[in-house]
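What follows is a structure written as structure tokens; I'll ask about it next.
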Amino acid sequence: MKAIRDLKIIKIDEIAKGIFSLVLERHLDFGALKPGQFFNLALKSRELPLLKRPISLSTWDDTTMTFVIRKVGKGTELLCAAQPGEWVSAVGPLGNGFDLEAPAAEATLLGGGIGTAPLLALAEMLSAAGTKVNVYLGYQNEPYLVENFKKVADGLFIATMEPVDGLYHGNVVEYWMAQEADETERHVYSCGPDAMLHMVQLSLKSRSQKGHLLTEERMACGIGACLTCAKPIERDGEVHMLRTCIEGPVFKAEEVVFECK
Amino acid sequence: MQMNNVDLNGLVLKNPVTVASGTFGFGREFSDFYDLSLLGAISVKGLTLKPREGNPVPRLAETPMGMINSVGLQNPGVEAFIRDEIPFLRTFDTKIIANINGNTLEEYVEMAKILDKEDVDSIEVNISCPNVKSGGMAFGTDPLMASKVTSAVRNVTSKHIIVKLSPNVTDIRTIAKAAEVSGANCLSMINTITGMAFDLKTRRPIIANRIGGLSGPAVKPVGVRMVYETASVVGIPIIGMGGIMNAEDAFEYILAGASAIAVGTGNLVNPMCAPQVLEGLKKYLPAEV
Amino acid sequence: MQMNNVDLNGLVLKNPVTVASGTFGFGREFSDFYDLSLLGAISVKGLTLKPREGNPVPRLAETPMGMINSVGLQNPGVEAFIRDEIPFLRTFDTKIIANINGNTLEEYVEMAKILDKEDVDSIEVNISCPNVKSGGMAFGTDPLMASKVTSAVRNVTSKHIIVKLSPNVTDIRTIAKAAEVSGANCLSMINTITGMAFDLKTRRPIIANRIGGLSGPAVKPVGVRMVYETASVVGIPIIGMGGIMNAEDAFEYILAGASAIAVGTGNLVNPMCAPQVLEGLKKYLPAEV
Amino acid sequence: MKAIRDLKIIKIDEIAKGIFSLVLERHLDFGALKPGQFFNLALKSRELPLLKRPISLSTWDDTTMTFVIRKVGKGTELLCAAQPGEWVSAVGPLGNGFDLEAPAAEATLLGGGIGTAPLLALAEMLSAAGTKVNVYLGYQNEPYLVENFKKVADGLFIATMEPVDGLYHGNVVEYWMAQEADETERHVYSCGPDAMLHMVQLSLKSRSQKGHLLTEERMACGIGACLTCAKPIERDGEVHMLRTCIEGPVFKAEEVVFECK
């Protein structure tokens, strides 16, 4: 159940340039967790920025939860500069998360940049449920979390936008399209920048393939109260402004209306 | 001011802590966190006659100790509110304030008529929403318009009426007086101050609608000043709001002349904010006078 | 916008970074910290016809990311400024802006007449000081009054005139237009927003005068919004200010439509603020267009 | 000369309940220092509170400056919670300080609470200049800095408002008045809460005795630019609003206009 709790930082490591893995204690009051869910986090001691920051669960065990955070602006900077023993104020678990009721026989996970992180728990749980999981990870130049995915992925494919020895050079969506040209029965789960998700959506559509997207939007409360995080979602021929933090952040791939900004 | 049985000129609250419209949904969102019966009142998300999808996104920008929103009154409409939300809210021992918003005078009247027959404790006439093109703030920045809306609503309902004032005015006292003489039982202030922020990368306004409403601690000195100015010229009670994050902020509003307070942005930052304000206020206020 | 030779409709600044009246004294205080020739212009402490001792203390309260002041135009008077301060300021290669304040229309005119013959580069007509009983903001909140003051000053001087606008208005555009059509060469905005804070121990307002002027980062979204609104309706340049602490803040104002910016409260927090803003802006602005 | 510099915290100790001694490195650019001068200080990393806090020099040597800070509100709390190695942004030296051009033969220093701290360097320098220095220190209950004063004071007298074994019980001004009933030639220097300074002023007047007061007022810039720190000072029969940060914080005792609040 949703709760707000102060959590102690157990561990914090820079796992790639500007990418930090943050391990927090897991509080029993949060109840069950689902991949694709997120927490609204802020350093307890901070007064600025005012709002907490939505960060996806990357993975967890009985006593800890791990988040992977990219340092972007002030909020993530503060979180990434924190030290073990400091306290984080956490609201969660938030959002619908990925539906794992009836997992597909075969799935493909497409992660871009920091969007790879929320797919880790998904890969682990799908794999545990017997799904054959192919994982495509796209980075600018420096891969991270690869070892973690290696443990559970049936196929692991890595692409970088800048040339890196031994890795596919280019866009991870194109990589996937080429590699799995005929495998349109696999269920696709994707998380990454909007431009990537849009590309995934168009690709899925062109192949009549099914999938889910983990999306982002600027958020204040994370609990459905403020309606700032609305996302245009097309259902039954109509566009509704749904809350990314409640009805999302995971939507069916075909539903999301990407606006060309 | 006292902790128990705060009489807002006909609307009696069990305590002076309420939550501000638009920052508390219809209460459901917070019932995971605490018992809503703790609250003096809940002002629900701004309602319109017909359902509204609101403004395009992004609807949110952060500023120093503040936030700008441009939700644009996304809501399921007054009928859905009555059908789906009142029954849920009534399971708690707290007052229900219906926040209404019209594009036209007629829409305000229509909504008041509908709600007059429904189980709400007060109607909050929002004449100060900065996030809609027509209506909204236009009514709240002109004493004549404010007066017209208030008396029109007064004429069609015997319910307790709160008029919600806009801070985007030269002299809040004239608008407040206009609302008072036209039949408001109570005032609430402040709504958001119109504000703007740019994205330095795209070089465009962050908010899709360009301009939005500023709320949070940054606006507190303005809210406190307006409550203070208004309290000295009106005889009706005031619900003070704008940047209340803790009991100390709330008490500032009370010292300025507010009879009750509302937590707004504070709910978004910390879902437990309102009950914490309530708990903290006990230090400052007597149980009963 | 550009980094060099910014033409504010007759007043050419070597760069767009100026300092706001009342936050920079007469410049002496900052000459220990850096060469004042770095600045595009200095707007000096608000002047009145006769010396003024200003308001009682406390004159200062702090608020979330802001401060409230109630200095009340303490200054040595326009004659002492001319005698004691202009010669010092002229030892630097920067423009001098004389910020003038009247209790009456006649006082503005009198000061403008006096300064017309003196070695200042621009006269900033402050019709927005919230901290004096008569005059000040009263002129800045009514388009007719704003127009009268501006044309009266225009009639007695051929100097470059800046009109400094108050944010405490329903519609800044009408005041801005009034100033423009009445002969202002340039606008500066925003002055402080009236605000208030209470001392929880004494249960009294912190500021002796009770209400003061809010400035600092908290007001930035309001200042940016007002510059944006105004820039779209006037043809004269705008000096943007309100909460500028760094180059990013300054650039927001420029994106909103300001031709130059002023550092105010930033000078008080960090005496090196203005030159640091200047240095940082180079990243965002071309040297010359 | 006035400068703004980032200074490293060398040492920070709680020397009495809620009273902290903060040792900063002394920067050469600050030039000469005078007792009674102050610095405007804030933790470098803080964004809130916005304004720096005026804190008097307590004492200094060639490489360090020591400040004694009472934890009052948010600004002082942050400073007092800082750790060695952290950076403080410091503007100074500020204010006129005590005039030591022609030190009196005999002086009496009257300090109340945290107001004892700025008198320490004064006592040291007067004593070094050959002045006979009597020091009266008044506290609520727990004395501090006593050992430091002992080294330089000819006479040291301590009063506490709450009864403390072996110490004078009561108001330090009354203590002084009683002890030095006839010694009206001594020059008096006082620092403490307004109510105390007012009492000192009235006492001095009643005895036609000369003295200086180190006063406080709410400040923003500390460098004379904003005029928020004005203090009503009577000179030549007229009251002027002078800047506590430039013309003060030290004023002749008879000049300060205390308003009854």
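We call the chains A, B, C and D, going by the order they appear; numbering starts again at 1 in every chain.
Here, a contact is a pair of C-beta atoms (placed from the backbone, for glycine too) under 8 Å apart; a residue touches a chain by one contact, two chains touch by 3 or more.
Owing to the predicted nature of the structure, the values given are computational and were not obtained by experimental measurement.
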Gap in Å, rounded to a whole number, between the CA centres of subunit B and subunit A: 35
Centroid distance [mean C-alpha coordinates] between subunit C and subunit A, Å: 48
Between subunit B and subunit C, centroid-to-centroid distance (C-alpha), Å: 34
Overlap residues in subunit B, where contacts from two or more other chains coincide: 61, 64-66, 216-217
Subunit A: positions in contact with at least two other chains: 47-48
Graph class of chain-chain contacts, one of line, ring, star, complete, other: ring
Pairs of chains, among all present, that meet the touch criterion: A-B, A-D, B-C, C-D
Residues of subunit D touching subunit C in the complex: 1-4, 47-52, 89, 91, 217-221, 223-232, 239-241, 259
Subunit B to subunit A touching residues, read off their complex: 22-25, 28-30, 32-33, 45, 53-54, 56-62, 64-67, 69, 71, 74, 216-217, 265, 267-272
Residues of subunit D touching subunit A in the complex: 47-48
Sites on subunit C touched by subunit B in the complex: 61, 63-66, 68, 141, 168-171, 193-198, 200, 203, 205, 210-211, 214, 216-222, 224-225, 228-229, 243, 248, 251-252, 255-256, 284
